[in-house]
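My questions all concern the structure below.
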Amino acid sequence: MEDKPSGTNREGQAIEPKLRERIWRIIFLSDTKAGQWFDIVLLVLIGSSVLVVMLDSVEALKIRHQVLFSVLEWIFTLIFTVEYIIRMCVVRKKRNYALSFFGIVDLLSILPTYVAIFLPASQYFMIIRILRLLRMFRILKMAHHFGQANVLLNALRASSPKISVFLFFILTLVSIEGTLMYLIEGAYNPGFSSIPQAIYWAIVTVTTVGYGDVAPMTVAGKVLSSLIMLSGFSIIAVPAGIVTAEIGREREMLRMDHRKCKQCGWTGHDPGANFCKHCGCALSTH
Amino acid sequence: MEDKPSGTNREGQAIEPKLRERIWRIIFLSDTKAGQWFDIVLLVLIGSSVLVVMLDSVEALKIRHQVLFSVLEWIFTLIFTVEYIIRMCVVRKKRNYALSFFGIVDLLSILPTYVAIFLPASQYFMIIRILRLLRMFRILKMAHHFGQANVLLNALRASSPKISVFLFFILTLVSIEGTLMYLIEGAYNPGFSSIPQAIYWAIVTVTTVGYGDVAPMTVAGKVLSSLIMLSGFSIIAVPAGIVTAEIGREREMLRMDHRKCKQCGWTGHDPGANFCKHCGCALSTH
Amino acid sequence: MEDKPSGTNREGQAIEPKLRERIWRIIFLSDTKAGQWFDIVLLVLIGSSVLVVMLDSVEALKIRHQVLFSVLEWIFTLIFTVEYIIRMCVVRKKRNYALSFFGIVDLLSILPTYVAIFLPASQYFMIIRILRLLRMFRILKMAHHFGQANVLLNALRASSPKISVFLFFILTLVSIEGTLMYLIEGAYNPGFSSIPQAIYWAIVTVTTVGYGDVAPMTVAGKVLSSLIMLSGFSIIAVPAGIVTAEIGREREMLRMDHRKCKQCGWTGHDPGANFCKHCGCALSTH
Amino acid sequence: MEDKPSGTNREGQAIEPKLRERIWRIIFLSDTKAGQWFDIVLLVLIGSSVLVVMLDSVEALKIRHQVLFSVLEWIFTLIFTVEYIIRMCVVRKKRNYALSFFGIVDLLSILPTYVAIFLPASQYFMIIRILRLLRMFRILKMAHHFGQANVLLNALRASSPKISVFLFFILTLVSIEGTLMYLIEGAYNPGFSSIPQAIYWAIVTVTTVGYGDVAPMTVAGKVLSSLIMLSGFSIIAVPAGIVTAEIGREREMLRMDHRKCKQCGWTGHDPGANFCKHCGCALSTH
């Protein structure tokens, strides 16, 4: 994803390529002690800066700790600004980085504080401030540190096509269910005053969230929604089944047999095989 | 499901059978580029027409965009009418198609707009308009385009007998639980004023939807419902287990191979095996 | 469970043992056409009688259809009385049947209607009437008709020890969580006025039912309950895992290999085995 | 965890080491009949004492049964005090036990009653009384009695790294979702007045608890929350998948056997196999 630093292949030309390379390695990779420390510190900084923005949205706290929050925000912003500048310096293909998703995130998450100076509290001000929360995406960027993350992501990625089909069916289902409930309850129950509203209810129900802000009132409505719930009951099992099956397969892959046939070079025999299943020559027993 | 077009096996007799066959292939099959484009366009048209009907049910929008909605509705209706007529022309066994489920759906989903002219806003009017939403079923008809759909459907179909038995048990269970709660809460809590009402509550609870429109008030009621919830907790696991097991079996079936080794009689070779993995003798390739 | 009819092994003595035996076979077994029909009719009768009792608990319906309901109830009661008498006649060990669970259920479910004559509407009257719903248990008695039922029951039975341990942990968990919430919210939130009340809330939350009749109000309470929900999130997975694993094992058992070793008579070799794994003699390849 | 009693390896020196050892064995182990009985009695005592504390928190009961509760509490306290003293006597490394988690729990759970004498009803009094509920943790200490507990705990322990990663993702997800909802609903809906509040809602929603104390009101909010629910729908499947896979692996591990055939080098025989199932030569019994 990240390209090699400027100094790497044109020795001497760049100013102190060694240093530049070391910094690049620390910032973009995490194969060195320094690089790992950098990531951890960054993670903590992002986490706390995000926390500050969130707490800043609480009216009561905002009034009491206004100064503290803005000071903290400035500290964070300056740190991230410095980090951004360093990143731009050490990375080689500056344009590529600047236009990469995380390059834009890095930029957008520091701009708001500066913007705040020039255009004071406007109606769009809040939305701009919120942009700083884009930093959260950078946390996800570090997910690869968690060993288990990949297994999960693979399983999710592998099951995503199945699940998207599943969601498509769900959408059709809730549309039909919602329409029926609209016909039954619409006249008596403000919560079913329109089909989209009824579909919202159907989604809340099928996913077993069940806020209760909308609930059937008529007898017919309660009978139908009982059926919907019981069906949703078995529907909710499907994604679980898909993901479980995928995780199971993930593990199977790991259990595969890595012997290679001497004759035809075929691999992927099962643990039980005495002979290559393609050329029939005996397999070495490991 | 769909039969071959008129022109296919009686050359020359039908007017330009070639053209008719091509149209038939485009409309009913999706093995040609044109056919796939036709399906995609149709999918979009149906989707947007369904959306219009739904938005039309929102009072606020209906008043503001009345004209727009009716114009759009007429456009959609005319398109679907033309499509319906073409279908009738190119298909051979006209009666079979007209009486097939999707034939009726196609017809019912275009009629309402025309009916609306002759009998203006009546009390049944809304229900008639809703008929147009039958188009949604035609979306399901195209499900076969999604590669994964079949795997899911097979798993669901395979587990449906188990799940229906499961639902039967659930129904008996909620009846018993509802009756008990009716005896305990009935006198004090309007939400348990009758057994069916109490059963409705039990279903809402066991499926973990939990609207909260009905909730226990007495101590005994809360104790019992706690037990019901904790039992429901493990009950909800059953369909998940069933579906998961079925999806797992689905995958197994695909991996199986039923050839038998002539020499050692060993069965259960993997697909693609040329030689018995136990005695090494060649396998007949089926 | 049911014993053989009187007439079977003492020929001639009992009056027409043949007839008695046939009736016994029809009522208690379902291996004959007549027996299956008897079960189906009985199932329908029980179902509809249960339905009547339930609808009878709805005030509105009770007032309108009072006569209809009582007439229907009398018809059902008489039918079930006749059935009970016949059962007593044809069965041999009368005492055993009379004192068996289903014998008592059969009796208790017909008594209320007769009792109703002698002691008119008393406060305990409703509870007595409800006794008729015991008939529902007789439906469960017929579960063995559903082929799939056994697989499910086996899986549930096999996982019940694990699940009961699981429920024990849950109970300890919700007690701890409830106590903590009581300490945090108790003073401000009527919904957490006592520890049992708070435990009730914890159960409603961990099972993801979430009525909303009790919900945290303080910030600390919301933070803690967020943690509880997220933990419950992964806890809810455990029973699913247990049941799934059990259903999977169920299937494995069926896949077992039934060859028998000629030498040591050992069975239960795996599909892959060429030699008996106990005595080492060659296995016949099926 | 527990160390051997004082008297064991220094004969004669300690006063009646035999007796002391026997008592130690009864209290700390459960390999003797007496030891098991001791555990059962203790379990019952703890259970009922915990129950008393809980009921004592119910205002109504507290007033009515004040005397009964305090008497019971004193009985329990004295019993547990005696038990604590005996434990201290028989155990050898007194400091280690006193400072061990369960040593502290044992102490803290008896102190409150004595403390209650010296400082009468203060504001911190309730919290102190609650300390007695720490006894619940001692119940968990006895979990090893439940055969199945270990399987569950292993599965949970094995899946905990995956699940903690999963929870980390969830936290980031709900933060993003909460922020979006705050931007959409914040201005109109008191339930989304701040980002933390909105995150609380997102957690309540994604975990499908859905209290309904906070629910979207605007159209945009309902659309977004519908998407959140449907995504949560498939997210909830992940922990189920993880735990199921782990429980499955648990079972596999138990079935594995790591002996290697001397002749054909085949591994993966089942436990109990005496001969290689491929070449038939005898297996070394480990």
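Order as written gives the chain letters A, B, C and D; numbering starts at 1 within each chain.
Quick note on the criterion: a contact is a pair of C-beta atoms (placed from the backbone, for glycine too) under 8 Å apart; a residue touches a chain by one contact, two chains touch by 3 or more.
The chain lineup, named per UniProt: A, B, C, D = Ion transporter.
Quick caveat: nothing in here was measured; it's all calculated off a predicted structure.
*Asks:* If each step moves to a chain the current one touches, what is the fewest number of steps from subunit A (Ion transporter) to subunit C (Ion transporter)?
*Replies:* Counted as steps through touching chains, the separation is 1.
*Asks:* Report the chain whose CA-based centre is farthest from the CA-based centre of subunit D (Ion transporter).
*Replies:* B
*Asks:* So what angle, to the nearest 5 degrees, turns subunit C (Ion transporter) so that its CA atoms land on those of subunit D (Ion transporter)?
*Replies:* 90
*Asks:* Comparing the two chain pairs, does A-D have more C-beta contacts than B-D, or is it the other way round?
*Replies:* A-D
*Asks:* Between copies subunit A (Ion transporter) and subunit B (Ion transporter), are the contact residues mostly the same numbers or mostly different, with half as the line?
*Replies:* different
*Asks:* Using mean CA coordinates as chain centres, what's the subunit A (Ion transporter)-subunit D (Ion transporter) distance in Å?
*Replies:* For subunit A (Ion transporter) versus subunit D (Ion transporter), the centre distance works out to 31 Å.
*Asks:* Please compute the C-alpha centroid of subunit B (Ion transporter), do the same for subunit D (Ion transporter), then give the distance between them in whole Å.
*Replies:* 43
*Asks:* Which subunit B (Ion transporter) residues sit where two or more other chains touch them?
*Replies:* 166, 196-197, 199, 208-212, 236, 240-242, 244, 248, 278
*Asks:* Which of the residues in subunit C (Ion transporter) come into contact with subunit B (Ion transporter) in the complex?
*Replies:* 50, 53-55, 57-59, 126-127, 130, 133, 136, 139-140, 143, 146-149, 151-152, 155-156, 163, 166-167, 170-171, 196-197, 199-200, 203-204, 207-213, 236, 239-244, 246-248, 251, 271-272, 274, 285-286
*Asks:* Please give the residue numbers of subunit C (Ion transporter) that touch subunit D (Ion transporter) in the complex, ascending.
*Replies:* Result: residues 161-162, 165-166, 168-169, 172, 175-176, 179, 182-183, 186, 193-197, 199, 205, 208-212, 215, 219, 222, 226, 229-230, 232-234, 236-238, 240-242, 244-245, 248-249, 269-270, 272-282 of subunit C (Ion transporter) touch subunit D (Ion transporter).
*Asks:* Which stretch or stretches of subunit C (Ion transporter) touch subunit A (Ion transporter) in the complex?
*Replies:* 208-212, 240, 244, 272
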